[in-house]
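Some structures are shown below for you to check.
In what follows, chain A forms one complex with chain B and a second complex with chain C.
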Partner chain A sequence: MSSIRPRSAAAYWLAVPAGLWMLAAVVLPTLLILWVSLWGGQSVSPDNPITFDNYARFLSNGSYRALMLDTLAQAAMIMGITGVLGYCIAYFLTVKVTSPAWRTALFLAFVIPFWTSTLIRAIAFVPFLGVNGLLNQALLAAGLIEQPIQAFLYSRLGVSMAQVSLYTLLASGPVVYMLNSIPPALREAAMTLKASPFTVFRRIILPLTLPGIVIGQVLVFLNVLADFITVTTVGGNKLAFLGNLILLFYEGSQIRATAVVSVLLMAVMLAGVAVALRIVDIRKVGG
Partner chain B sequence: MAAPAALPQLDLELRDIRKRYGGFTAVDGVSLQVPKGQFVCLLGPSGCGKTTTLRCVAGLEEPDSGDILIGGREVTADPPWQRDIAMMFQDFALFPHMSVAKQVGFGLEMQKKPRAEITRRVAEVLGAFEIAHLADRRPSQLSGGQKQRVALARAMITEPRILLLDEPIGALDYSLRETVMLELKALQKRSGISFIWVTHDQNEAFSLGDQVVVMNHARIEQQGRPEEVLSRPRTAFVAGFIQGNNILRGQAQGARDGLLDIRTEDGSFAVPLNGRAVPAAGSPVSFSVRAERLQEAAADELPNRISLRCTLVEYFGAYRRHVLETRSGATIKWDQFGALPQSVFAGELVTFGWKAEDGVLHA
Partner chain C sequence: MHWKTRSRLTSWLLGIVTIGFLLFQWLPMFTMFLLSFAGENGGTTFPMNGVSLHWYRKLWEADLFDDFKPPMLRSFLLALGCSVTTVVLSVTAAQAMRGRFIGSGAYFYLLLLGLMAPGILVGFGFAILTRLLGIEGAWNTTAYVVHVSWALPFGFMTMLAVFNRFDPRLEEAALTLGATRVTAFRRITWPIILPGVIGTALFGFSLSYDEYARTLFTAGSDGTLPLAVMAQLDRQLTPELYAIGTVTTVMSLVAIFLCTFAFWLRSRALRGRPSH
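Up next is the complex of A and B:
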């Protein structure tokens, strides 16, 4: 069997197809969006001068600034909830459930809903959260409420519930992986060194699963920022985040504004990933 | 006070420990007494229950029944962090995210010692274990021997009453093992801490242990000083597990002058009863003779004689091993120590004998 050495001519040639694809599908479109966002002048034309006016105009608008902050606040909230919930689920599945059969069954029950597309899952929340929806009927049947709760659907509460449900797996999966990679003897060694279970968790388990937490948080962060489907279907027209704004400008043929918001959204996402990479070295995960 | 002051204090006492996992019995009525500062080796094949016994002492497993006393205090239901023990794990179980110094200080940190004291003690211990130069390294940057030292330092710094060691040198290169064994033995004597050492390697057990406990099928087969276990294996299992024993099986015939007559397919042999009750005539019994106890010369004057055919001769440096076959096809080994010229060759028919007192009757 022959092997290809890194940095050899053959290695570079093998990287060409993937490189071309990335160039055509990612780099060029991104540069195009960046370019469009910098177009000046009155009419939409490639001959327009380059300017930062579009950004200045967008950022000077108070309601747009508020919407950006609101998007980040929503992401932060969903990250917090899915982070705690996802960690608890991961810890329960890998540490507390000792029977392999039960673990597999519970894990499948947790994962299988995520095999459907995001769009379908988002739409599925409408009959679940609606006035005559499953949740209201269940609460009515249980005698916990007397009137159906309107606020579940077409509200921020509904969107948040849907997003928590949609993205918990993303927060949980990397933690499951990291927990599984911790040898049980480490926990036991700490216990024989007089560490109580809480201390074992704080000093051994939590630091060793930190990369999983951070990766999960990055995934949730990126998905919440990019999510306009859930916001549209579950939030109705009452709610908008940056992703919806892009769609709104695009549908209104405001191509430069669309590009500006897209670039800002990308910048926020990249900043988030950069922060995460400062906390953990993702390349070391699994090593 | 009428307390029996003469009673020696035990570091560890196990009273009839039992542990089952579903249908599998891991530990079946193990009792053990470890006097202060003893080196005890739990020896046995894999799955014999030695590790489960050790984990029960550590508190990592709770026995279904029985009592565990550490330093005279009943701890059976206590969690590991409330027991006066430390443990060394087979693959060392070093914390991958902590430096060597942090790792070694972990136990003291858990005891809420002042920071200055921790720093001082860690420096002392790292020095004593000759790993001071590794203080800032992570476990991934250590060799196997270095990891072993760090794991030992991490366990010893807490000065426990008992150190539990689960195959502590099994993960080391063969060339390192002997050195490490000698160091650990010296360390144990110096520190006065009781070591409970689990191993499947009889060389480790017999060269290290003040007491050797041989286990099989979840039970203790024999416990005693290494010389005792080596020279007087109590059961056929122990005799077979320890290298260099020849085991013969037959029927009890009757006793005379403290010697039991045993009839086998290869002849009748006289074996000392050693205070044991005379087995019923015809009942199946087994006994063993150590390979170096067989005598070729003057076989005619010995009470026990057996005709053999030599099938193989191997030279091991310290001794020469002869593999022989009885007429019924059983294998007998004869070890010749000392640099003597070879006297028995493969293919040869020979008669060997042994003194009556060299036979060991099994329970």
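Up next is the complex of A and C:
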């Protein structure tokens, strides 16, 4: 017995507002993009015949295909870096730091920026990476370089650095969750049975945190693919990924081309999520 | 012995990686804070050319083109509306899930979809929808609907987690003593889930306040703060942008601090009561 009766009419009525909201604001718009991407004819109108011409036209362009591959390569690179970095940080914070006060402090320092604006954080990389930026000044002062490095800002390197900074928490968070759910007795048992620390890590910790790694990688994958803010703020106009292409077509009022790129982006994302779901059963993670 | 030294070595290595990353994460923001206090002739990079509140004053006395006050007010009101709506919808949806109605599995995934769908696609799709319906986009109508759809999954997950830890025997006791279900919810359930509700409200506020992609496609002519910041960045990067960045970041930090403090006060108050 609780304040709501199982399968009661009240349960349905309470579910309706949020359900309708998501249908109208997320599901319907997504289906509309799919529909618009198939509109044929000369003018943009729903009365035109359904056709795959828009896709054929887009995919026949070699530079667009290269841009798609480039976006995927960028996502793969950021996934790799944030994956390793995020795991190291998660492991250090949950296993290696023993003082609760330190753990809380470091954890807060890690998480707090996530609650501030991504746009502002991306902009903050401009004075950090610039020719007279903090990073160059520090490297000069340390005597590591003799001249400021130009390539930090308005380059792929700069965008990647900003993306690593923005998305490592996404890769790390689920691992922290999984590490915390491992009972300490498990490690102790393995240790008692004379397993070396490396074996304990490889045979016990790593397999048990795998779902966390995969979920983190999915989050990074989705975010890098859809990221266009970091690319415009830190990359200047020299760089474009699929997200920027969507914006470019939209601003040029090429609605059907925008829809085509959006659908392709969505397809790539769904494929990525499907692969991840084959590796781990996400529903089991919460239990 | 041998393992112990090696384990200490890994601790050091991982510690250096962690501290290095934290520095890398905070230093750009710190640079921005510092440069926002640059002198009148200060540029967007070092040297600072003096220390002043010039750029904050400029922010306050802004002219027509780069006046951030109206977009800031719009962002604030929108975030407030989004926060309240997210709380109401998240609590009702999570309460409905407790009713285990037929189709609740699919319903769970429907609400989670908003978490996976990227802002650029949702924003663009919703722009098509409003265009087909002939509705003019505005920050307080279309952008509001899309913002709530972004914050709702976060709030919903928070409330589900809160209800999972909730002891239903407390409600049972109230019902056995003759309370109606509504009274039991109002007098027993609500006070217990209140910390989760505050968390949900914070999600609703900050996710809306910082949202760029979804707003870009749906806000119409009067933009929110992130749009104004991006427009100014397109025109020219000035320390004024650093000033506005610093102001919003400090506001976020204060909000986090207040929430953490409220949680702490509450948990202390709960601990203080005699147990039964």
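Things to note:
Rule of thumb we're sticking to: the second predicted complex is superposed on the first by the 274 of 287 C-alpha atoms of A that agree within 3 Å, B and C clash if a C-alpha of one lies under 4 Å from a C-alpha of the other, contacts with A are read in each partner's own complex, and residues count from 1 in each chain.
Definition applied: a residue touches a chain if its C-beta (ideal position, glycine included) is under 8 Å from a C-beta of that chain, and two chains touch if they have at least 3 such contacts.
Since the model is a prediction, treat every value here as computed from it, not as a measurement.
With chain A as the common reference for superposition, the partners chain B and chain C occupy compatible, non-clashing space. In the superposition on chain A, A:Leu208 makes contact with chain B only, while chain C stays out of contact range.
In the superposition on chain A, A:Leu93 makes contact with chain C only, not with chain B. When both complexes are overlaid on chain A, the residue A:Ser196 reaches chain B and chain C alike. Contacts of A:Pro183 after superposition: chain B is touched, whereas chain C is not reached.
Between chain B and chain C, more residues of chain A are touched by C.
Once chain A of one complex is fitted onto chain A of the other, the partner contacts of A:Leu247 are limited to chain C, with no touch recorded for chain B. Look at A:Pro6: by the touch rule set out above, it reaches chain C but stays clear of chain B.
In the superposed model, A:Val27 makes contact with chain C only, not with chain B. Angle at chain A (Cα centre) between the Cα centres of chain B and chain C in the superposed arrangement: 80°, in steps of 10. In the superposition on chain A, contact is made by A:Ile112 with chain C only, not with chain B. When the two complexes are overlaid on their common chain A, residue A:Ala15 makes contact with chain C while staying clear of chain B. Taking every C-alpha of chain B against every C-alpha of chain C after the fit on chain A, the minimum distance is 6 Å. Across the superposed pair, chain B and chain C both touch chain A at residues 196. On the side of chain C, the complex with chain A involves touching residues 3, 6-7, 10-11, 14-15, 17-18, 21-22, 24-32, 35, 44-47, 88-90, 92-93, 95-102, 104, 107, 110-111, 113-114, 116-122, 124-126, 128-129, 132, 145-146, 148-149, 152, 156, 168, 171-172, 175, 181-182, 184-185, 188-189, 206, 209-210, 212-213, 216-217, 226, 229-230, 233, 237, 241-242, 245, 248-249, 252-253, 255-256. On chain A, the positions that touch chain B within their shared complex are 183, 185-186, 188-196, 199, 203-204, 207-208.
Residues 58-60, 79-81, 83, 85-87, 89-91, 93-97, 106-107, 110-111, 154-155, 158, 164 of chain B touch chain A in their complex. Only residues 1-8, 10-15, 17-19, 21-30, 32-33, 36, 46, 85, 88-89, 91-93, 96, 106, 109-110, 112-113, 115-121, 123-135, 137, 161, 165, 168, 196-197, 222-223, 225-226, 228-229, 232-233, 243, 246-247, 250, 255, 258-259, 262, 265-266, 269, 273 of chain A touch chain C when the two sit together in their complex.
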